[in-house]
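Shared between the two complexes below is chain A, which has chain B as its partner in the first and chain C in the second.
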Partner chain A sequence: MMRQDLIDAFSRIVGANHVLTANDTLLEYAYDKDPGFSRLPDAIIEPADTAEVSRVLALANAEKIPVYPRGYGSNLYNAITPVEGGIILLLRRMNSLLEIDTANLAATVEPGIFVADLNKEVKKFGLIFPPDPGTIFTATIGGMVAQNATNIRSLKYGSTKHYIMGLEVVLADGKILKTGGKNVKDVAGYDLTKLMTGSQGTLGIITKVIVKLMPAPETQKCLLAGFKNFVDAGKAVKAILDDKIVPATLEFMDSVTIQALGSKAPSSLPPDIKAALIIEIDGITKVVENDMAKISAILQAHNVQQVTVAETEIEQDAFWNARRAAITSLAKSNDIMWMTDAIIPRSKAADMVDKITSIASKNKLTIAAFGHIGDGVLHPTILFNASDKSLISHASNAMKEISAAALELGGIFCSRFQEDRSGQPETYAKQAIKFSLDPNNILNPVNRVKEG
Partner chain B sequence: MIKDKELLRDINDAISNCMKCGNCMEVCPIYKELKTESAVARGKLSLMEAVLNGNSEITAGFDKRMSMCVSCKACTAKCPCGVKADELIIRARQAAVSSRGLHPVKNMVFKLLKNRRLFDFSLRMAGLFGPLSFKKLPRPMARLLRFPMPGLDRRRVLAPFAATPLRSQYPEVIKVDNPKMRVGFFTGCTINYIYTDVGKAVINVLKKNNVEVVMPPMQHCCGIPVFTSGDIELAKVFAKHNIETFERYKLDYIVASCGSCTMAFKKEYPEMFHDDPEMKERAEAIAKKTYEISEFLVDVVKFDQSKLGEVNITVTMHDPCHMARGIKVTSQPREILQSIPGLKFVEMKDADRCCGAGGSFSVAHYDVALKINNRKIENIADTKADIVATSCGMCRMHIIDGLERYKLPQDVVHVIQLLDKSYQVGAETTVKKSKVS
Partner chain C sequence: MKEQLIKELEAIVGNEWVQTEKEDLICFGYDATPGFFNLPDAIVQPANAEEISQIVKLANREKIPVYTRGSGTNLSAGAVPMSGGIVLFTIRMNKIVEIDPIDRIAVVEPAVIVQELNVAVEKFGLIYPPDPGTVATASIGGTVAENSGGLRGLKYGVTKHYVIGLQAVLADGQIVEFGGRTAHAPGYDMVMLLTGSEGTLGIITKIVVRLMPAPAHRKSMMAVFGDLNDAGKAIADIISHNIIPATLEIMDNYTIRTVESFVKLGLPVEAEAIILAEVDGDYDTVEQDALKMEKVLRENHGEVKVAKSSQERDQVWAARRAALPSLAKLRPSTFCEDATVPRSKVPDMLRAVIDIAQKYNVQIGTFGHAGDGNLHPTIVTDLRDKEEMKRVYQAMEEIFMTALALGGTLSGEHGIGLGKLKYMPNQFGEAGMSVMRSIKQAIDPNNILNPGKMLGEMQVP
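Coming up: the complex of A and B.
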């Protein structure tokens, strides 16, 4: 419960109807991904502009009240559950598109705008904002920047951070910081834009974003390839990249993932498929046609079983919807899902899948693997039933083995179930940054920084 | 209170399937307007979860939030985890109903509905005196409400009640010369009391195809409005009554000309009796025979296309939620429209998006229903069509209301009315031709 005098003070800043404290409303914002993992916030505050955000933070900081910025809440890793109580700062009202600057290929937006809405507007000028975390209809720009969301097109286009030219950020004490700008080279000294991108709401509240736009590609082609074994698929990926072809996307799904998709799996895939690739190429029509021919030849040379080229936008959407549904379908298939990120040199992707398969059978577990294989990003995902307690130790074991396998192949591994990293230099540096900018630890105090 | 929680408890598993991904937001018409968490399925589900966990009670706030849903099923169709949010919301209302009674306006309407004779009588009275309470507008079937009626927004255009209900205008059995089958016609309330023109068209078209039509006079409202409001017990009374009524006749099929009514017979009745094997079996026998009229004409009757005459208009189509996602009938009405010579069919954007009517939702939440409706009207305007075809009386009324606000000239009719028109033109031209020859 928030003190009445504080409720009044916040109401004077944002207006009484934008300080929500009714119990039923608080309950709607108490949760995140996991059922049962929830904690009631004390208030939900909906600021209208930067000045209001600044005044809210100044007061919260003086009173040492935790603040959790929230976009649409689609992060899927409990990033916005108000674990310490306090304020949910809802940015939905700040959703304007402030400017599209076609000369500088830039747009300035407020954080609450949905990515799909931004794309709809810039499309009118023949431009695109390429990052697509698979949730463009539900993710806000603020959430994407705060998470540095990766991207199903990142092989060619990079991740969110490559499209952020400048930010306006309100710091914990209410100071308004402006970083970067529309000039391509706009940094002297520390690159604060990059520091804030991916800061997960722990260093400040993003209130404006200048994004970089790209001309829309002339043509787009998408194909789906099915293989009888993943080694062939992995080798095909390597061969494509070695041939200097840069697809916009190169996505991989193993048989566990395809099975979990059920009716959402593309209908053209034969049932005995062990691995599938989704490949999208875009650019100048001539080049795209040329690349498609080369890719087809490479796929044939690697024993591909089935190649389907999307002829219509609807078919293309069907491929993408399948990939976008991967996480949710896996989550549905079992009651516990430990999803991890293994980032390995892409030449080793097939080896990694191979290792995951043997780790799964050794530990008697189901482990799915899918991801942006073109970037070497795989998501080994351990699935099991909570009712069998013995499986938890198997799963932890498998987690360690996957981590070791990734490191052995020259990659890195992250999971949301991290080992203690305190004392490491990296953690020290991150904590130093966090606590000098937010000495009272009010911004998203989920201990994320402590863990590294 | 304990019992109400139990009502929710058996849906616990269903709720925990929700991974809070928020995909349902993308399609929820209420969210588009309100942009609050309580508008979208995800927020409602977490509120139910809180009640189940004992973190909250069924309060007036709970009630209010659960009422913000038009039961359009869009979230359920979109959900990657297979959560049937629309049904869960109805269950939550059921819990709320038993703990605190219905929304006052609805309560009044449903008290009326409970007593069939009283209902029939008062709606007939409304029909007879309709012209007094509805301002006439320059469009057939639409009147602006002149006197405030409790709970109805006065800005709203409503269709007047018909002077004589459909079923009083026809005999119980409508014979044809060479009947190839015998069907029972479930008229539903909107068609019996308001849009009798649709009922007439259905009868004409069936007759043209040598189908004998039976209209059991004892039929009652399908019960969907009370069902979606959470009064399951009352809905079961209606269901049982309708099942018994139709069982009394020897019928090859049962047809209805409204998506919601058809869904009631085909899906909701068997569901309602899931814990009563005998009734369930009877409900299923009825369900198997039931078809929506377009579906029936295309899939079963294979309607006669040789007698169709030219209707030179441009038509667009709105798919009612219960047609698109409830019984999944969208291709058949289009097939009928496209079979009509001279008719030009244009698709509108988001044809299957809710129009905001949502059964009695628009009675209790007219402002939100209006906003949802505005998007529909703009999409209609973009098509430049002369006429909007649809398959539900509530949608028809709500879209006409919107067109009136936008001062647009289009009329809204049932798909079958256009088919009926085409048969009429066909008959006239044959007459003319035979006169010439």
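Coming up: the complex of A and C.
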């Protein structure tokens, strides 16, 4: 419970109707998409603008109240769960598109805007905002920046952070920091824009974002390929990349994921398919057609069972909606879903899928694997039912093995069960930065969660 | 420096790798920026990260400044010692550790020259895109510390777009590894924080970079404009026609006349501006974009010449490459600045620089990367002429303030160092300066790493 005088003080800043403390409302914000990480916040505060965010933080800092910024809650880990009570700072009222600057290929937006809504607006000018986090309809730009979300177009267009040109950030003490701008080149000072991007709300609250836009490609072509085994799929991916073809997206789904999709699975996929690739090529028409022909030949050479080329935008959307539904479908069909990121050098992606499969059978578990295979980003997702307690230790074990496998292949592994890395000099440096900018540790303080 | 400390340094790297003779120290007292010179106490040439770790531990214990130096081509006095201290000269750490053509990654030590890496990856059909003007002399470590740009920034970005992993020695001597070989890494982006930190947060000892497939085809052209405004509009129109050239350069009239008087390329000395552009990529896209670009340039009253052969292409770029050397020949001292503005403000900036040159009666030629807003107003002068230098510094200040007023930045690719230190609060404000100083203090509490640069004097508790 928050003291009434504090609730009154916050109400004076944002208006009483934007400080929510009713129990059923708090319950709604007690969890995000990661099940099992529930803790009631003390209040939900919905600021209207930067000035209000600044005043809320100044007060929270003075009173040492934890602040958890939140966009729409599509986060896949517990990065935004209020593990220590405190305030959820809901940024959904700050959802304006402030400017589209076609001359400089930049847009300025508030953090609460949906990625899909931004794309809809810039499309009118023949432009695109390339990073597509997969949860495009429910992810906000602010959340995407805070997480430096992996995105399905990163193979060709690069990671999310390359599209973040500048930020307005409210610091823990309420001071307003402006970083970057509309300059394509800017090396003055430390790169605070990139430090804030991916800092998961622990260094400041993002209140404005300047994003880089790109000209929309002249043509786009998308195909769906089904394989009888994932080894062939993995080899096909490698052959495409070795041929120096750079698809906009190169996505992988294994049979567990495809089955979970149920009716959302693309109808053209035969039922006995063990792996599917969604490949999108964009650029000028002639090149797209050439590349599609080359890709088709490579797929045939690797025993593809079924290739469907989307002839219309509706068919194309059907492929992507299937991929975008992967996470929700897996979540619906299982009690517990531990989703992780295994990011490996892309030449090793097929090896990683192989290892995930053997880890699953060894631990008698179902593990789904899908992700941006062209970029080496996979999401091994462990699925089990809560009723069988013994499975939790199997799952923990599998998690460790997946982590070890990723590291062995020269990659990295992230999950909500972060390893204890304190004491390492790398961690020490990061902590030093955190405490220098947020000495009271009020911004998204996350307790390390123990396994099991 | 105390004799005992010299002995300790010699014990770490070996006697032959510590220099303290005056004539050696003088060579390391300056970099490529005119007007900055200070003698260090010692030059130390370590062989590896472990030796650097020991040197830094010693320096941290004794609170001695450490100035990391690669090839010394810095243009913002970032490599100049302040007063005494150790110049940590990385030249011995010059190995290409690995080239992985499958994952398109290279691992290099800091003293590898940018061009050496490009030569080494060429046989795999790959390129390392960042190409600062000093590509043949600059060390990669230096380009990472400064986040150097180059001619291909518009399409390919700058150094930081290619750095994915770093090994560095922190101020307490710890050897750390940030990032790695993967496309994505979680947590605070320490790789990007160190890239461009000008040696103030750590000493870079190993670098993992991304490589790109070499473009299969390219096409260059030159367009001559009688009116600067037309050139500015042409640049905007190229971008709005969805063409992203690899290179899109501009030269103003002063630069054109200077280049022509030295190199005699047959440039039109009456022209207000010349645009030089190149598109690269696969054959079909390049041909299509080149046609579109030619049309856009003509529509804006540009007189266009498309290079039909590689010799003609070389001629196009000879003019651009001659810009800085020609300007530098005019007078004893050359200040090449890199104030950068959003692309749409390039014509405003070019006009402003011409007016500033008149106002303060100084000689300024401007050329640069118009496509990404990164111009190089280059002031030619004589450091010995105190009266003129006063006007030069006034003109420089007004150039920086104009760039900031246009929504620009003090530096597009040369860094802050000492050269632009004075103007940092104008760009970053109180909040920005205090955040950056907090980070510096958190990572380097004794302020031993390249102290005094970028953020100015720091309070050491």
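Quick note on the criterion: the second predicted complex is superposed on the first by the 441 of 452 C-alpha atoms of A that agree within 3 Å, B and C clash if a C-alpha of one lies under 4 Å from a C-alpha of the other, contacts with A are read in each partner's own complex, and residues count from 1 in each chain.
One rule holds in what follows: a contact is a pair of C-beta atoms (placed from the backbone, for glycine too) under 8 Å apart; a residue touches a chain by one contact, two chains touch by 3 or more.
Predicted, not measured: the structure shown is a model, and the values here were computed from it.
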Report the partner of chain A that touches more of its residues: chain B or chain C. C
Once chain A of both complexes is superposed, is A:G85 in touch with chain B (first), chain C (second), both, or neither? neither
After the superposition on A, what does A:S199 contact: first (chain B), second (chain C), both or neither? second
If we overlay the two complexes on their shared chain A, which of chain B and chain C does A:D191 touch? Say first, second, both or neither. second
Both chain B and chain C touch chain A; at which residues? none
Please output the residues of chain A touching chain B within their complex, sorted ascending. 22-25, 27-33, 35-36, 38, 40, 72-74, 76, 92, 135, 137-138, 264, 325, 328-329, 331-332
For the complex, give me every residue of chain A touching chain C. 101-106, 126, 148, 150, 154, 158-159, 161-162, 171, 175-179, 181-192, 194-195, 197-199, 203, 214-216, 218, 242, 244, 246, 283-284, 286-287, 290, 341, 343-347, 375-377, 410-412, 414, 425-426, 428-430, 432-437
Once bound in the complex, which stretches of chain B touch chain A? 15-23, 25-26, 35, 37-38, 43, 46-47, 49-50, 53, 55-56, 59, 61-62, 65, 80-82
Across the complex, what residues on chain C touch chain A? 100, 102-103, 105, 125, 146-149, 153-154, 157-158, 160-161, 170, 174-178, 180-190, 192-193, 195-197, 201, 213, 236, 239-240, 242-244, 282, 284-285, 288, 340-344, 369, 371-374, 407-416, 420, 424, 427-429, 431-432, 434-436, 438-439, 441-443, 454-455
